[in-house]
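Listed next: structures, encoded as structure tokens.
Both of the next two complexes hold chain A, though its partner changes from chain B to chain C.
Take a look at the complex of A and B:
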């Protein structure tokens, strides 16, 4: 790996090592900070309103405060973010943004706002149905409502300002897609763990800060000559969030090369369609309705297994590892179908049930090693 | 007064109706009669107006729970890769599809179409996606956005109405037979009439002593779920209402010597419904209102006689469980007042995240703000594998002791 690449990745790694340092700094400089819960939050709107956007993440450790207000059969992501909020770890936020997704988070949003009333909580209640005219009309109205709420907090937010943010986000997403393309083509240039630092930093920094560093990195990677050595087996990682990079390194240490992902905190945040020019709210609506739907949504005709198989084939993946957060219903419902389609398509699949607030257990490594052996013996046949 | 509990006579009629309903539905399998599988909160009026037989997998799953075959069906779904943490209704029904094991001989009749409305949870969204993958038939999905505020916005009502219109047109096109608007209006009318009767019956439980209890209402809600929009449904609830009137006049109490009046939150624990009913009755506690059966007579604040479909849309946004915690708190308080409650039993239902997350907060608010104690009963509506009689009994007894101490 080139020295510049190493240095560049070191910068992103440093951001991840102290996740909210960048947001704190922005806050100290007088910029309000908006924490958002998932990739369906219309970050462009908050950014245009002047907020520094930062993703709300889970962390290692118990959740004693959250356990008092939500049952133990809630997912570890929900419990962990709630616990952080109740522990005062998000006191630097000026705004908390929820997007409507699953049954769990809809209640977490409510629990958050009733137990932490001092910071405004904005819930973007988008449609679960992401197709058709009625849903689009409704979402457009919801965006207008949120726009109004933001204006009441921050003053006038012009369409020009929203477009400026949208264009910036689009540039950033395009650059992230280039980074993923490099990763697929040349896994020898950076590890999956390295990619993760860049991806996670993208959600902890505002796009205007992340983009220049990212562009330098991508350009230096693209300038590399040579052919990729054979890295086997190539694996795609899928699931909701993956808050702990320890899972990525554990999987790679067990012998996989993670060449792509279908994660909410990963490619799902960047694999968005380009926005058509014109009305910026229509552009945001277009993105919402054209992106790959999260399993918490309904898009008629969308086949999660087929989608996963196509993604895996595009990435030339030899296998898929699904990180299923325990108690994540949307993914758990899709899993049998995804598994069947991938197996029928000749792509072996490994399900790893994970907790977002617990480090990767040692036994995970053993299971991945067995998976690697299985893929390799299949190749030898 | 005798401690002997007087059974509800209408129960027999209800069993006949339900047997007939499932029998006729099963017989129409493979004939020209179209069958739809639909969620409990789905707009069934459209199906009845179109002459389509609605089938309720949720009701079926509850039957499997009450007849104690749900555990083995859940296990069958788990063998196919469905996590044990998923909704036990969904697992029960998947298991029944795979094994054909069911209280309905041969299992539920296969659907020609599916209707899913997410006004009860988004679990049904995923459940029906899987049903569509299994049966490969059209799915009509009605998205009723969750209401985080107290008021339903007009844009939400418009959104649901537009989807209902698409469904009406879509079903007409699917079977080449447009739905007659007069028939639809009539069906909406009689559905409302049935809901009003169900509301009236539940209101009668405000009487002291209550003529029946929530364990009974859980059983007697089957027709309002499956048959609302039919004459038979009205006929049945008129009979049940008259019986309740009679019981009130004769002073027949569901729990003889009723001392405590409680509310129930969340679905029933189907495999323990009889035992729990007896347990509370022994402690002289009558459960007189429940958030769940109330959902089937939800009346939206918006109503327009000249726009029945928009009124229907407002209703299908849903009540208690499609609204945020402030709304739920208001509903619970209203129940406390109307039914003179001494406390709440909250079934923290492992299968139902939409319904259950928020209960700790609601219990806290009820106690701190209004002085109403709650019992949190950790269980599952259909999966008995984690249930412990001993633990539940201890907690119920302790709760009743608390109530006794408060009364003195």
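Take a look at the complex of A and C:
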């Protein structure tokens, strides 16, 4: 690996090691900070309002405060995020943005709002059926409402400012696509763990800060000569949130090379079309409706298993590992169908049930190793 | 002592360590089972020594060692380690090439494996988060009832209907058993209830993988006829129980060791 590549990965890793340091720094410099919950949040809009965007993440450890007010069958991500909020760990935020996804996170938004009233909580209630003119008209109105709320907090947000943010985010997404493309071809250039430092840091930094570092990294990777030498099974990750790098390293240590993903923080956050020129609010609506639907959403004709199968084939993946957050109903309901589609398509799939606030358990390794053995032919063993 | 080389498979499980030896001609030479102690690596060494004694072979006759089971990586002198999923599938398929499903209930975990026609693993599920509904569960319950493990299964078959035991959590089920005894419930019905509780748990695991005949059951719990009969009723297939169900993982490992030469 080139020195420049190593150095730049070190920068991303440092950001992830102290996730809110960059946001705190922005706050100290007088910039308001907006915490957002999911890739369906219209980041461009609150970025245009001057906020420093930072993704709200879970952390390791117990969730005693959240457990007092939320059911035990809520996912670890929801409980951890709520516990952090109730403990005052997000006191530095000037705004909290939720996008309506699953019922659990909707309730977390309400609990956050009623228990920490000092910070404004904005819920962007987008339609879960992301198709059709009435849904688009409705969402456009919802965006106008959110625009109004942001203006009441921050003053006038011009359409020019929204366009500037839209273009910046577009550039950032294009660069992420380039990163994934170069890594698909040359997974030997950087480990999956290193890739997810970059991916996670993208959620913790404002795009104008992340983009220059990302561009340097992509250019140094693209400048590498040679052919990939990869003898391990190539695996694509899929699932909802995946913040805990413990899972990534555990999967790699068990003998997989991670070559691509269908994760909320990963490819689903940048596989988007360019925004059509004209009204920026229409452009944001277009982006929302063009997203690869996560299982909390529905688009007629979209088959999540088929999408994963095509993506796995494009990435020449030998298998798919689905990281299912325990108690995540939307993913759990979709999984049997996804498994069938991938199985019919000849792509073996492993389901790993994970908890976001608990480090990867040792038993996880046995499952991944067995999966690796399953992929490799019996003769190779 | 013979100088002919042999191949060893060692399965270091949570409750017992198992070893199987194969000769160069493909015949199984010997097997051994011992309780796993605190030092897993030592258990592996001891169980291998015991199997070698039975076969009348010296330690240096062992050409290749494949370790499996949850303690596989503690066997520092292994040639290779392979997971228990792959090894159980291989061992079961070796005993009967018609096997398409394996249910394994060991000391502290249980697994269901679906096999393709060529014997390779198609899909698997593991319950390894706690010892609920495993061998350890049966051991604790037998102790609570003052019975030997050998008597457990046959006695459970005597009852017409099982007592209702709603938990497979070892701690909760133990209190349930004690309450049932206090209420005058018969031991036989309680035993049948415990077998039903284990079955419920393994049935859901098996259903997620999908069972197709021939179904082989492996692991120590396959020796409990009460559990075996209930699982057969639940999944609707007769279970094939190998002569020594505890060594199937080690058997698979030994077959891989032999492949490696």
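The working rule: the second predicted complex is superposed on the first by the 376 of 381 C-alpha atoms of A that agree within 3 Å, B and C clash if a C-alpha of one lies under 4 Å from a C-alpha of the other, contacts with A are read in each partner's own complex, and residues count from 1 in each chain.
FYI, contacts are C-beta pairs under 8 Å (C-beta built on N, C-alpha and C of every residue); 3 or more make two chains touch, one makes a residue touch a chain.
Keep in mind the model is a prediction, meaning the values are calculated, not measured.
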Partner chain in contact with A:228 - chain B first, chain C second, else both or neither = neither
Ask   = Given the touch rule stated above, what does A:104 touch, chain B (first), chain C (second), both, or neither?
value = first
Query = Comparing chain C with chain B, which touches more residues belonging to chain A?
reply = B
Ask   = Should A:295 be classified as contacting the first partner (chain B), the second (chain C), both, or neither?
value = first
Query = Counting only touches as set out at the top, which of chain B and chain C does A:370 meet: first, second, both, neither?
reply = second
Ask   = Does the superposition put A:358 against chain B (first), chain C (second), both, or neither?
value = neither
Query = When the two structures are overlaid on chain A, which partner does A:333 contact: first (chain B), second (chain C), both, or neither?
reply = first
Request  = Please indicate which partner A:135 is in contact with in the superposed arrangement: first for chain B, second for chain C, both, or neither.
outcome  = first
Query = So in the complex, which bits of chain A are touching chain B?
reply = 68-71, 73-74, 78, 100, 102-104, 106-111, 114-115, 123, 125, 127-129, 132-135, 137-138, 141-142, 295-298, 300, 324, 326-327, 329-330, 332-337, 339
Inquiry  = Using the touch definition from the top, list the residues of chain C that touch chain A in their complex.
reply    = 70, 82-86, 90, 118-124, 126, 128-129, 256, 259
Request  = Write out the stretch or stretches of chain A touching chain C in their complex.
outcome  = 343, 361, 363, 366-367, 369-370, 373-374, 377-378, 381
Remark   = chain B contacts chain A in the complex at 80-83, 85-87, 90, 118, 121-123, 125-127, 129-130, 133, 139, 141, 143, 145-146, 148, 155-156, 158-159, 162-163, 166, 324-326, 348, 350, 353-354, 356-361, 364, 378
